[in-house]
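You will see subunit A twice below: alongside subunit B first, and alongside subunit C after that.
Entry: the complex of A and B
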């Protein structure tokens, strides 16, 4: 391949100029003449109730209201707002128990803010005013905020398809004993020298992407349903909307706008069904929904709160003999990707260490809380909070160095990866640990903080993790890519991969330019148009660079090959004797024998007949390449995070001092973008460990769905950060790259908890570790610090 | 709803507009003046996505400001910072430091940074971090934004000197 020209360089991001000038167009910026405004009427009186009577008549009379819509004024077809169900075969879906039980407007309110009706009006203000005039008579139902409450024998059933309100458990047909793992756990514990167990809780964390949900839909004069959305999986939403509204896909068009962050909140649909149902009610009129921020907390899926029990056993020398675990997840009001989260939480567990015996059970129960679904890491931060604290406790009990224990017992190249099906293709975790430890001064600080006095105490903690690069071999993987070479030898690459802000449109373009051998300015990426783009899953499972990037690379290799084939016929040599320097194709060793790529591309399109010879001036046909690509590998990244902090034992406050993360990413296509993922992930992981949780009162009403009451770490709360990119090259990833997208959020969670453990001598099992919890724990232990 | 006739000077141009008394500056910029670069993030002054500059140095949340109170004021949005094709040093620094991901907070963050540097041309890292509080970014972890503001400070000192 020779020296890389574009890949590996932090070139200017392709979207950044528009973003700093404010000209990037997000869904909320879409405007059409005559556009109407939609408002979903939500239930804020109850978190669980049946709608006995809905009276929309007063709302309909408000001047400026165009239409009011009750549950029966729109399609009554049931759906599932997530798209994970599309990624399993029908048989698998049945085994997993995937269901479709959502209605556009519900008559059974299952959470605070559930949608019960719709209003279309000439302005947002009018729609809002009309919504306040909707009269509803409810039959209140008992509110269930925990799996114990909703799973009780006499509890009201959320859906007849899920008896006992158990939305999911690992199915017997796929996981005998409803458990995954290997060996004989019970027997192994009998032989263990040390057995510890505990029950943890991980919080309902919200993605808080900065762009609130906004949509425009239009049922146009051709009878097509158009939807402008900032969803992260446009092609699967295309399929979902087509099914829901029973329109052929050719009559549904998705326009993906610039996406203002996702982190999983936009995996699948949020308000696409509602806005499209409204548009269908007023054919020819565009309808816009701009969701208020406080509603985003209630309608887009959050991280699942999880109760997580774990028991682990070791030999005296640290040999990990057995691990037994069970996570019980709070599902919220609807099923969504119910089968996936409780499973992956266990996958991350079985993928990490070489435990000789392992058993994991996962379940989810409906609760009267807003829906839960995908959030960056997808169960991995939950497992990290629990597993890494348990390992830490064991190391203290066994008097082992926690870093050396991890170095010795993590899985590595060739070991079975998280699905326990395919091997890890590469692993540089030891290098991550060594470089991270050196950067933060682990040895020295760990010793220094072992003996402290005073009311402010410092701690340093480490955690390790691995993640995934795509969804293979668990669920569907597929990206198509088409490349056209234009008449001036520039390229248009059509691919539906989403850029939620992480920079994938830049990195995919780098891969295309590098593969074609042309400057990045000569490569254009065309995305976000469901007519023009072929299939792609969308952004999830940290797949875009690894799978989408490979698809782009293969299509570009094909296009380049076709170009070289034509050159070979002109120069009368074999293709493998040729090389290309920018736009000149020449015979290796004889650069004077050359042909211009521009001439080949041009004559292929402007294919005139030479009047002297009566023959075409050159080979006819625009060069196009196409791949429908399905990966046959998965190359998970490994990573380590070190966190140093100080706890004020009088106030319980935690000051973050330093964070070092090192990621084994194979190859950084764009180093600054990789660092950005790690740094941004750290902000979310530290938040999950320390401050972030959506709270509900006893009625099930959200009490902190605003940025003031839901505390995320701000610029002055963040620690010093160092990101280390470990680039050893993976044998399968494009240019050796593995994923980096989700991974950044994972290990800051465990490392923070472990640093607090060192500082205070207390392990906190209930996340987030707030000052209140720290003070209470100190008081309960009767501990005094001087 | 009573109406007010106001003149808003936005990005160097006067706009005569009739605004309802309950309309915020954000509403008027986005809906009446078709200037979507100023973003709605929360509508309650908590996230800073709607930050605009008043009289060249004061950053305000336009979602918390009634348009009727801004008669005759000079307002600058992110789209008004560049001079012709030349970006403002803060915008350029955000590009150079890759301080942007999803970009939704960026127009407000850039304006907040311009204001910060107008008041304190040579801030320490801690002053930058504190100065950016009130503007939320969920993508970057703030590091590259802080670096960009520091770089802009240097670049602007260079031009001034």
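Entry: the complex of A and C
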């Protein structure tokens, strides 16, 4: 391949004009004539209770109410709103213990805001008013907000399938001793010179995607169930809805609207079951459910809070001999992706450093909190918060340079990657560390901040990580792509990959254009239509560019190949003697021997007979290419983040000064998009470290499920940021690219904690690290590690 | 839990002040005054019910802002936070108010929210409330019966409750003119920059050289209403402003405050930082780094 024309350039994003001008159609913008409005009646009186009596009669009498729906007025089939269970084989799913225990409307309220009934009315106002008239008699149950409480022997059981309310434990059949890892950890600790251990808490962080949830459904005259959704996994939701409502997939249609951010909150279903159940109750009438932000907080999954214990052992010279860890996750009221999260949290642990012995146990317990599921990083930020602080502490104890230690002991190309199954295909972490350190002035600042006086103390911290590019070889990977060349030699690429705002529709188009050898304007992507698009898992596991991009590339290579084959027959040469410049195909070395791609495409479609010869004017058939692609590799990106900050010892306030992240991404298909991912990830990572947590009162009611009291960092809170793209090319990724979608959130978490450690001499084990916690620790020095 | 749907209410749109006062006289507590609405509408979405809301949007000439070196600052009930930020006079003569307005919320909010609304919300967290309290402002209340003045020291009765009678609306806020040696400043602590305060402080001192001849100190989020800090004021009044007196004032604050745990912070934390923030605010007012 010669010089790249489109790939590697920060071209205008294909979605940006519509978004900036306000013409992009989000689910909330969808209106149909005669559209009805649905409202899910939620329980705000209890976080744990049984519904003894549900009286919908007063609500039904409100003028304008079309229908009221109790638990038995809709399908009583159980389901699991997550889609991760679809990505493992049946046998594997059984071994892992995946379950389906959710109901559209529940009679066992498991968290504050659990849905108990539905109202369909002519307007949102009417539905709202009717909802207030629903009379419910509850039997209150004890509220469990921690695994210790719900796991107690006499606790009320959330579901008979999970005795002891343990939603998940690494299964013995797959992980002997219910643990993953290698070696003999216990023995190794005996031989270690330094052993440290601690227990951490990582917060219930919310994705806070910009677009609040909105769904529309219509059971149409053909008996098809149509759903308009901003889900990030449309094809798996297609399958899920078909199963739940027992309709063939041909009678379920998913229309993916513009997605205003996902970050995992839309990995699976949110209110698709409710809105579809309502639509089925009023055939022929579209129904829309729109949620305020407060409700979104309660109904779409958040990051799992976890209690994370870790013990690590080293030799005096820093040799990492053993690591033992256990994360216990607060699952919330329902199972969802119970098996996956507790596992991956350990995968990130085993993928990072060359510990000689490692053991990790992962468990999840039900709690009376809103559900937890996927959130950018998927366990990785949790592990980063814990592991990187433990490493830092060890480096201080052993008097080792934390950067040099990381340089020396991180896993490398060829070492087994996070699943401990396939090797890392490429690793440029040392370059990330070196360039990042130089950009922020690590050496100098680290030394300077080692000795400070005064009330304001600065600190600089580093953390490293790696992530994944797709879910191979852990769970299902698959993307299909169809390309057809139009009569004017433009291309339509059909692929179901989602653009959640991360820019994938731009980068996929760049890959298509580059592969075909055409300008980007001549390539159109067709997405989001479950009839037109073949299978794609959806946006998760940082897979869209790595897997989806490879599928697009392969399909386009095929289409280009077919075009060149036809040209070769016309020019009577071998295909490999040909090259294409814009739309002209010519024989290399003699450009006068050429044929136009347009002519080939056109005659393939408008295939007239030449009157003179009586033969077709050219080769018949529209050029189409198709792949059903499954990657055989995974090329995890490595990355490092440096954070510099200042702590006010009198108030505990943290001022973020500078953040430098460097990512070994292989190749930046669109550098500005990569930087955007890194900066956006940093905003969430810093937030997780410093401010973001969903709080509950003793009754289990969420007390800050809105932007009034859930605080993300705003633009003015952010430090100066530098994003360094390390592009050494991965041997397997499309154009050498590795992922960047989730990675950005991971290392700012550990680097921030480590910077606070340098500034204050105190490590904080309980996230988020608020000024209240900092000040208390400063005042009680000695309570935590000094 | 807020909803997407406001509960029903009648919107009253008086076209003149007389009409507005008549409406208030007639409707009394059935009507709520709606100015910028940045507090009221949020409350209504979260369940606060009012049968009628009387908007001041159609009343003219109520967004004035005028400074006179003799009589001081006058502003109307529709004068926005953004107007304060834009005023060179406020910046120069009332640093505490200007600083409170400067960090207030976001540009959209500042364009809508009013200073008078901030005072009449009666929140212990109001940023302009802290500044006006320290600066010793006076609200002019009007009703169909006439006018009266309510000094800011007598404005806040309890959480969310003000001295406003139910037939009254505030038509003007006055703040006395600074004299030679008057200095003031405002500071606040928040969880993130764009946030309501977890603690705010305003200080207005009368200085004679480095001697403080008078002090008005106000602190928010440490009691059910915005409060003055009489013990700290007593320490500073007559004293030379230096590290020692500031330390004493910071200590004295503990007697004036009664903070609680809430969504934004803890009582423990507020107690721990109240003195520090008072000290820093006084230093800022006095131009000590």
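Here is the rule we use: the second predicted complex is superposed on the first by the 781 of 786 C-alpha atoms of A that agree within 3 Å, B and C clash if a C-alpha of one lies under 4 Å from a C-alpha of the other, contacts with A are read in each partner's own complex, and residues count from 1 in each chain.
Operating definition for what follows: contacts are C-beta pairs under 8 Å (C-beta built on N, C-alpha and C of every residue); 3 or more make two chains touch, one makes a residue touch a chain.
Computed from a prediction, not measured in an experiment: that's the story for all the values here.
Novice: With the two structures laid over each other on chain A, which partner does A:92 touch: subunit B (first), subunit C (second), both, or neither?
Specialist: The answer is neither, since A:92 touches no partner chain.
Novice: What is the contact status of A:26 with respect to subunit B (first) and subunit C (second): first, second, both, or neither?
Specialist: first
Novice: Is A:651 contacted by the first partner subunit B, the second partner subunit C, both or neither?
Specialist: In the superposed model, A:651 contacts subunit C only, not subunit B.
Novice: I'd like to know which partner A:676 touches here: subunit B for first, subunit C for second, both or neither.
Specialist: Only subunit B is touched by A:676; subunit C is not.
Novice: For A:290 in the superposed arrangement: first (subunit B), second (subunit C), both or neither?
Specialist: both
Novice: More residues of subunit A are touched by which partner: subunit B or subunit C?
Specialist: B
Novice: Quick check on the superposed pair: does A:695 touch subunit B, subunit C, both, or neither? Answer first, second, both or neither.
Specialist: Once the two structures are laid over each other on A, A:695 reaches subunit C alone.
Novice: Kindly classify A:431 by the partners it touches after superposition: subunit B alone (first), subunit C alone (second), both, or neither?
Specialist: After superposing on A, A:431 lies clear of both subunit B and subunit C.
Novice: Look at A:711 in the shared chain and tell me whether it touches subunit B only, subunit C only, both, or neither; answer first, second, both or neither.
Specialist: After superposing on A, A:711 lies in contact with subunit C but is clear of subunit B.
Novice: Applying the document's definition of touch, where does A:703 land relative to subunit B and subunit C: first, second, both, or neither?
Specialist: A:703 sits against subunit C, while subunit B stays out of touch.
Novice: Which subunit A residues lie in the overlap of the subunit B contact set and the subunit C contact set?
Specialist: In subunit A, positions 290, 292, 706, 708, 712, 714, 716 sit in both the subunit B and subunit C interfaces.
Novice: For the complex, which residues does subunit A have touching subunit B?
Specialist: 10, 12-13, 15-26, 28-29, 31, 207-212, 258-261, 263, 290, 292-293, 500-503, 672-673, 675-676, 679-684, 706-708, 712, 714-716, 718, 721
Novice: For a test of understanding, state which residues of subunit A touch subunit C in their complex under the given definition.
Specialist: Residues 44, 113, 124-125, 128, 290-292, 294-295, 650-653, 691, 695, 703-704, 706, 708-709, 711-714, 716-717, 770-772, 775-776, 779 of subunit A touch subunit C in their complex.
Novice: Quick check: in the complex, which residue numbers of subunit B touch subunit A?
Specialist: Touch list, subunit B to subunit A: 34, 36-44, 46-47, 49, 77-79, 81-82, 87, 91, 94-95, 97-98, 100-107, 110, 126, 128-130, 132-146.
Novice: Which of the residues in subunit C end up touching subunit A in this complex?
Specialist: Touching subunit A from subunit C are residues 1-5, 8, 42, 189, 191-196, 263-266, 268-269, 272-273, 276-277.
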